[in-house]
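Letters are used for the chains, namely A, B, C, D, E, F, G and H, taken in the order the chains are written, and counting of residues starts over at 1 for each.
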Amino acid sequence: MTSGSLLEVLAEVERGSLTPADAAARLKSLPFEDLGHTRVDHHRSLRTGLPEVIYAAGKTPSQTSEIFASLAISGVDVLATRVEAATAEALLAQYPDAIYNATARTVGLSQASKSAKTRGHIAVVCAGTSDLPVAEEAAVTAETFHARVTRLYDVGVAGIHRLLAVREELAAADAIIVCAGMEGALPSVVGGLVGVPVIAVPTSVGYGASFGGVTALLGMLNSCSPNVTVVNIDNGFGAAYTAVLIARAAHPQG
Amino acid sequence: MTSGSLLEVLAEVERGSLTPADAAARLKSLPFEDLGHTRVDHHRSLRTGLPEVIYAAGKTPSQTSEIFASLAISGVDVLATRVEAATAEALLAQYPDAIYNATARTVGLSQASKSAKTRGHIAVVCAGTSDLPVAEEAAVTAETFHARVTRLYDVGVAGIHRLLAVREELAAADAIIVCAGMEGALPSVVGGLVGVPVIAVPTSVGYGASFGGVTALLGMLNSCSPNVTVVNIDNGFGAAYTAVLIARAAHPQG
Amino acid sequence: MTSGSLLEVLAEVERGSLTPADAAARLKSLPFEDLGHTRVDHHRSLRTGLPEVIYAAGKTPSQTSEIFASLAISGVDVLATRVEAATAEALLAQYPDAIYNATARTVGLSQASKSAKTRGHIAVVCAGTSDLPVAEEAAVTAETFHARVTRLYDVGVAGIHRLLAVREELAAADAIIVCAGMEGALPSVVGGLVGVPVIAVPTSVGYGASFGGVTALLGMLNSCSPNVTVVNIDNGFGAAYTAVLIARAAHPQG
Amino acid sequence: MTSGSLLEVLAEVERGSLTPADAAARLKSLPFEDLGHTRVDHHRSLRTGLPEVIYAAGKTPSQTSEIFASLAISGVDVLATRVEAATAEALLAQYPDAIYNATARTVGLSQASKSAKTRGHIAVVCAGTSDLPVAEEAAVTAETFHARVTRLYDVGVAGIHRLLAVREELAAADAIIVCAGMEGALPSVVGGLVGVPVIAVPTSVGYGASFGGVTALLGMLNSCSPNVTVVNIDNGFGAAYTAVLIARAAHPQG
Amino acid sequence: MTSGSLLEVLAEVERGSLTPADAAARLKSLPFEDLGHTRVDHHRSLRTGLPEVIYAAGKTPSQTSEIFASLAISGVDVLATRVEAATAEALLAQYPDAIYNATARTVGLSQASKSAKTRGHIAVVCAGTSDLPVAEEAAVTAETFHARVTRLYDVGVAGIHRLLAVREELAAADAIIVCAGMEGALPSVVGGLVGVPVIAVPTSVGYGASFGGVTALLGMLNSCSPNVTVVNIDNGFGAAYTAVLIARAAHPQG
Amino acid sequence: MTSGSLLEVLAEVERGSLTPADAAARLKSLPFEDLGHTRVDHHRSLRTGLPEVIYAAGKTPSQTSEIFASLAISGVDVLATRVEAATAEALLAQYPDAIYNATARTVGLSQASKSAKTRGHIAVVCAGTSDLPVAEEAAVTAETFHARVTRLYDVGVAGIHRLLAVREELAAADAIIVCAGMEGALPSVVGGLVGVPVIAVPTSVGYGASFGGVTALLGMLNSCSPNVTVVNIDNGFGAAYTAVLIARAAHPQG
Amino acid sequence: MTSGSLLEVLAEVERGSLTPADAAARLKSLPFEDLGHTRVDHHRSLRTGLPEVIYAAGKTPSQTSEIFASLAISGVDVLATRVEAATAEALLAQYPDAIYNATARTVGLSQASKSAKTRGHIAVVCAGTSDLPVAEEAAVTAETFHARVTRLYDVGVAGIHRLLAVREELAAADAIIVCAGMEGALPSVVGGLVGVPVIAVPTSVGYGASFGGVTALLGMLNSCSPNVTVVNIDNGFGAAYTAVLIARAAHPQG
Amino acid sequence: MTSGSLLEVLAEVERGSLTPADAAARLKSLPFEDLGHTRVDHHRSLRTGLPEVIYAAGKTPSQTSEIFASLAISGVDVLATRVEAATAEALLAQYPDAIYNATARTVGLSQASKSAKTRGHIAVVCAGTSDLPVAEEAAVTAETFHARVTRLYDVGVAGIHRLLAVREELAAADAIIVCAGMEGALPSVVGGLVGVPVIAVPTSVGYGASFGGVTALLGMLNSCSPNVTVVNIDNGFGAAYTAVLIARAAHPQG
């Protein structure tokens, strides 16, 4: 029920076409938001202006296709993350214009916003080539949300001069996403070089005592740079989501 | 050495007053930043315009006093966090204008920016009264950095209507800091209600299987709201630091 | 040996047909229960009036079939949980009237109680579609035990209005089972909305620092709602078992 | 705002004394509960009829006293848990009729319900004498909520005959609370002996690999008895809270 | 109730002085053991012939004294472990003949068995001087149970020749107790040198990643010597208890 | 080199057929044991009289066959544990008289000791049918070492009367091996019923918070019965090895 | 850019062929190393004289081949570690002179240094045959770096005489690499026998509470021998890398 | 027994003054080392030429004094680590020439080697001022062992230019010890800058998810720089011990 709908109910009461008791019952059964819809994604989309995103992990190709279609039909942009090959195939068969990024494991469909201008600038940094799937998930998500993305890959701390060489690119971003596995040291170093928020994404890259990304996660939470916040292991999407919110706030729509 | 300084060295070489060999030696001994200073805090301060902050935990009262004085003498604002009573007493004896917040465990000295206008708006939310020290550390830090702070305390998820009652205050902020111990569920609920970045701070509040904040930390990292990022347990300062960066970016200095 | 049997032994002694020494030996060899049977399931069934349940995980199809048959022959209702497809097929071949719920991974055979009236009312709540297998295991178990079940699915805390919309259904139940993965925050919120026991089931849904359900488990154990108790990860059956005991106590037979 | 209040608002609209727009604004600002109050404890008390409980851990004597007084003044029964000696002294000085249980670390004040009849029957079982503080916290809480309590202490599994000797007392309860540290095996054995819900409370009793109650907690979560649910380590209060809800449901008020 | 007592009950029935119904009731209320006593320690003592042992940790001096006295009065040998200085003082004041071993933290009173011959031979080995309290607890316990004890201390694996020098003493024992902290490697090496059972006791000696004995515990559980079994961290008493059972079985009483 | 061999070297020196310097070199190159062989298994076999055992996990069928043959050729009994089907097939093809126990995953070849009399008596107890592979590994190992084995399976603590029904069998053993997964409570209860050493084997049976046997392991280490010692998860072989040593010591060869 | 290059830039400024502003820009864009190259491996190679090494885990055969070729073309020696069979095949097809070590999972190509003399002496020790892949990775790496390697395998601590028999070989090395799984005790014993650095490599060998090498790792970190340092689980390459640095320092190039 | 002693025994046999049987017995009772002494520290000292070191943690002042005196009397240099104030006082009272370093918590007594020349060069690096106690323990230990030490403190990764400014000092060392708490990132960065072994010491500095140094430890074990090895948390002594062995090997005594 939209804000208008609430007024309508009240107007019906005023008009006498609805008794107070009936109106009370009806208002009680409305969602708290008084927006007239129940799906959280629609809800969120309305509030933030960001397109719909489907988390495809653990869903069958047909389940993902169904959800994808139900979103696409309304004309919005759609993005699916954690898409395996079979699912990607199913989606592309249905939506030939959709774009599959095999590294990022994403399928995106641009509809409403094809000609939208980018808004905000996000740097996506990663330590090694094994971190690419997570970094690309972040980059593609940010681009889907119309941010400009600068990719700065393979700049791990064991060869610090590579990182120093891209300092100016880093400093130019509204927010920086840093993906790293193993010891997860990169966000601290990046955070010390810049004055913008750094969102650290631990990756499950490593072996032995890397414990599937836990070591990187702990390292990032203990960062000595105060501008570092952290998301879950391999959560490139979540990092991009917050980075986009930051970047958009810095670049309010004209 | 400032950017200007680098040019000066090179100009000296051009003028002949410095041999290439001597210049090479001098350039080599300069900090990489070419800014002419070596202290990271000064460095960071110049870059971000944020005052100096001293982490007093594990420092003796006299050590903290010494660092406090070395910063205060330059006329900047100074903030010390994790200040125990004895240290606070020592600081206040030296700087009667400084303000000690016993709950936040902070001592702040406002100098340069006494009449500065606030810039940006941060909501600080906490689940229970035991989370207050962390929430207040965040709030005081944000205020020291000239953000406007709205405190929304004691709004835990077990009484959800209390949280819903402050929805509009939440939606009005540039960034939201949510402090919670025990199961750490509050950031997810807050994140679902708003379209701004939520910075979650797990607190060491709880007993038994709360493991000194680890349970809250894990809960926050697994938040189903994509606009939640996380900092270390009890790290109110770090949360405020990033929140301020976000809020300032949204409110560029006139 | 039934309670009667004990009297019989003693009566035989009184009659002189059994010497005290022989009676002592015989009493010593009896099970403590004095019920004359050794199978714990039969034992439990007699005591509680609940049908037999087979935990099929780690059993071969033929092993499960054999146990299923040994129970079914006595005319009681039979339920098998954690049934994989091959086992389900074997059971259905043998018992065409049995019902296979692929989501819940259960096979149930209703015999004695086909026309039994429901007794008690249980709400089964879950946070997302990935929690369905656990929620359905709980729901089917409760229904097998003749409870009325209200399913309230996909009401996660990141979209709190969805949960609030079903408050009355929640309040109407004798006991509520809440299944959630990731941060496991849902039981706390549900617990705060109602005055009945909430049994929390952490699910192994999530990735990275969800640690296969451990994060949800810890969150639930630290719930700030005092009416929440917890069972093992993915243990929908156990949650339903206790919920049924509670619901039946509130609705004594006839 | 009570249910009545909602009708009143709508009636005012019907009468024309309130415009729909103003009513919309007013309804929006109401707590979701429509009960007209914001304190969760009052809220819970109204719903469940259970007295107020204060968790005193981490609160100063004066803080606890203040909350205690604010509750006591309304004439309800009041219970404080985790009360240290100094706090107990402060409370007793103010309320000479209050009762301090040093083992349970509780202070209770009976006012409204002095002559209330007990409702429901709860057995509190513990494995050893070191578990007494937790067991007593559970027992006192249950008694404060007017349940009849049977204490069955020092019946650990290493001397199983002691437990078997109290089987009938166990079977007579509406719900059983079992407190145990070390290996936490007692709830499984108790659960196998009875057909009522068993609420297991791991205690922090033990040394070495007991890890402050974690071993007992894990053991209880893995109980092979399906009628066992678990609460946090040392959470006697929470166990009693749920046990009371179960017992009261089985004994509806005449 | 002794085995004789059971016969007596049955004889009363035979005599007609007890009705079968009364006898049934009486037998039901007896401990399962039909031994006529309810204290687990007495029970165990009767079965094994070993003296009573009190675990004094977490008990006040007066509590321990009371239990000590209740055991001592029956003339048996009594041992208290984990005795702090204040408790030791209280016990010695009451029983001047008792012996306090400050390193082992034990107080023992020899009564019945003053002239008992030793039975079986146990070697107690430890890696370093910091392991002495645990090793002595084991040694004193074994001696209280009348085993002959050979102490082989300070023979850690980093100086393997020290251990090899005592090979013959090791080989002569019926069972070997090995106490070690840090990496806990000693039991594996000892186990490889001998053909008798080795009971490994991890000690909480160490720092950093020794985790209070967990590292030693894990190392011992993973021993590559198949004759090694393990007890809880610092559990010298438990190791001695089992070692004594083994040694006594090898030396049946003449 | 046998003890005799050492004498031979020294005799050669005495005879003058070996110079002291050459003898020194030769003695230096001998194994410390002065037994003239380097394989630890042979060594152990000589010392303990127990047959050779091969741990086949992680070895290819041909590797296991090769080791099996190298042992079998000397005429001793041979046992291989953790044998997968392919390896079993290879071994049986080579040694048709060998016996493959598919549940225990063992292949045994009886040669030297076909007519050996059993020596000692070991009870092998397990909680549920899923623990059978571990229990059978223990039982078969003990039988290979000529112990008499009593199997007492499916006697878990949730149905305590089943366990009590076998008390006499338990009490008759020289040592008891107890295998249990999930909460691992069984050894404590068994340990409380008997006066012989109990060797607890945690099994990896369970799900969720059973953590592949860790919960059972921790429970067993914290057993409140002092006659319980513990081996690694699923280590049926190790438990049997120590149990056999205990049983043999109690039954010295005539 | 070499050190010479820096001088050249400055000389150009002196000559007037480069303005100070252009020189500043150029210096700024240079890697910090002033070496004129950006690839960290090349960089490291120049500094240490060690050949290039590719970590092939998680790379496709074609990715590894591509990197291998890009390194091989410059004529240096190349080593790939963690090479699976398919990748090895691809590499050998391209470089028939390359050598594949299936146990070590390495492919090495000797080009520049075919006739290089060995420099330094490293002993590689392991506890059991299951540790061979890690030990061989270390040995092959060290040989690729032109160290002389002595392999001392299957000398676990449960048969200590095997280890003592090789004491002189151990003492002769410049550095010793010790690979061990399970309890990880071997480095402590080796460390106690020699006066050279011991680099411990925990292996993921074991089961149950070995936790994939974590137990061995913890044991090694807690070694009571002060000359032991540790690398990540299964990290034979890293151990060899450091061992080679130590050995080369002890044998400076003539 | 020295190597000479062995020959003597054999010579006695040759001379006929010792029978082979007596010689065999004597050789058997000798320590394996054939050095004629049993104390491991003396042993180690002889082998390495390094002074004696006492680990004073957990020792009383008088115990430490006694061991200190027993070493000092032989005229060697003596070092005690982890010395608390009271112990330091006791040692200085006895040895006025000894030097107490309160930060490093060491007391050193230089006797034999007062005029010894330094041998080898070690850099000790730390991230922050809280790491000083560990760094100083390493530095003082290295100096006691006559290494030249360069201290490079407060060069954490969040201000990378500070570290880059000391690159040449780093490159000049034979071995580098890097102490860091929190995220433990410093060794990776240092390791990437130099071609010498880096020994990483995690410190227990930090809060929340630093887990007393575990996070730093894990980060260091996962270092992406292959020249990094790791010691236990806060183990400055162990790091120095190995660093000294490396440095001495590179600078053989003239």
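Throughout what follows, a residue touches a chain if its C-beta (ideal position, glycine included) is under 8 Å from a C-beta of that chain, and two chains touch if they have at least 3 such contacts.
Quick caveat: nothing in here was measured; it's all calculated off a predicted structure.
Peer 1: Using the contact definition given at the top, which chains are in touch with both chain B and chain H?
Peer 2: A chain counts here if it touches both chain B and chain H, which gives A, G.
Peer 1: Relative to chain A, which chain's C-alpha centre is the most remote?
Peer 2: For chain A, the chain whose C-alpha mean is farthest off is E.
Peer 1: Select the interface copy of B-H from among F-G, E-F or G-H: the correct pair shares over half of its contact pairs, counted by residue number.
Peer 2: F-G
Peer 1: For chain D, which other chain has the most distant CA centre?
Peer 2: G
Peer 1: With a Cα-based fit, what is the angle in degrees between chain F and its identical partner chain G, given to the nearest 5?
Peer 2: 90
Peer 1: For chain A versus chain H, what separation do you get between their C-alpha means, in angstrom?
Peer 2: Chain centroid spacing, chain A to chain H, equals 50 Å.
Peer 1: Return the distance between the CA-based centres of chain D and chain G, expressed in whole Å.
Peer 2: Distance between chain centres: 60 Å.
Peer 1: Between chain A and chain C, what is the gap in Å from one C-alpha centre to the other?
Peer 2: That gives a centre separation of 39 Å.
Peer 1: Going through chain H residue by residue, note those that touch at least 2 other chains and give them in order.
Peer 2: If we look for residues of chain H contacting two or more partner chains, we find 32, 40, 44, 156, 158-160, 164, 192, 208-210, 214, 217, 221-222, 232.
Peer 1: Tell me, which pairs of chains are in touch?
Peer 2: According to the stated criterion, the contacting chain pairs are A-B, A-C, A-D, A-G, A-H, B-C, B-D, B-G, B-H, C-D, C-E, C-F, D-E, D-F, E-F, E-G, E-H, F-G, F-H, G-H.
Peer 1: Using the touch rule from the top, collect the residues of chain H that touch chain E in their complex.
Peer 2: 31-33, 38, 40, 43-44, 57-59, 202, 204, 212-214, 217, 232-235
Peer 1: What part of chain A is in contact with chain G in the complex they form?
Peer 2: For this pair, the touching residues of chain A are 129-130, 156, 158-162, 164-165, 205, 207-210.
Peer 1: Which chain C residues qualify as touching chain B in the complex?
Peer 2: Residue positions touching the partner: 127-128, 156-160, 164, 182-185, 188-189, 191-193, 206, 208-211, 214-216, 218-225.
Peer 1: Under the touch definition given earlier, write down the residues of chain F that touch chain H in their complex.
Peer 2: Interface residues on chain F, with respect to chain H: 6-7, 10-11, 13-14, 16, 19-21, 23-24, 27-28, 32, 34.
Peer 1: In the complex of these two chains, what residues of chain C are touching chain D?
Peer 2: Within the complex, chain C touches chain D at residues 32, 40, 44, 47-48, 53, 164, 174, 192, 194-197, 199, 217, 221-222, 226-232, 237-239, 241-242, 245-246, 249-250, 252.
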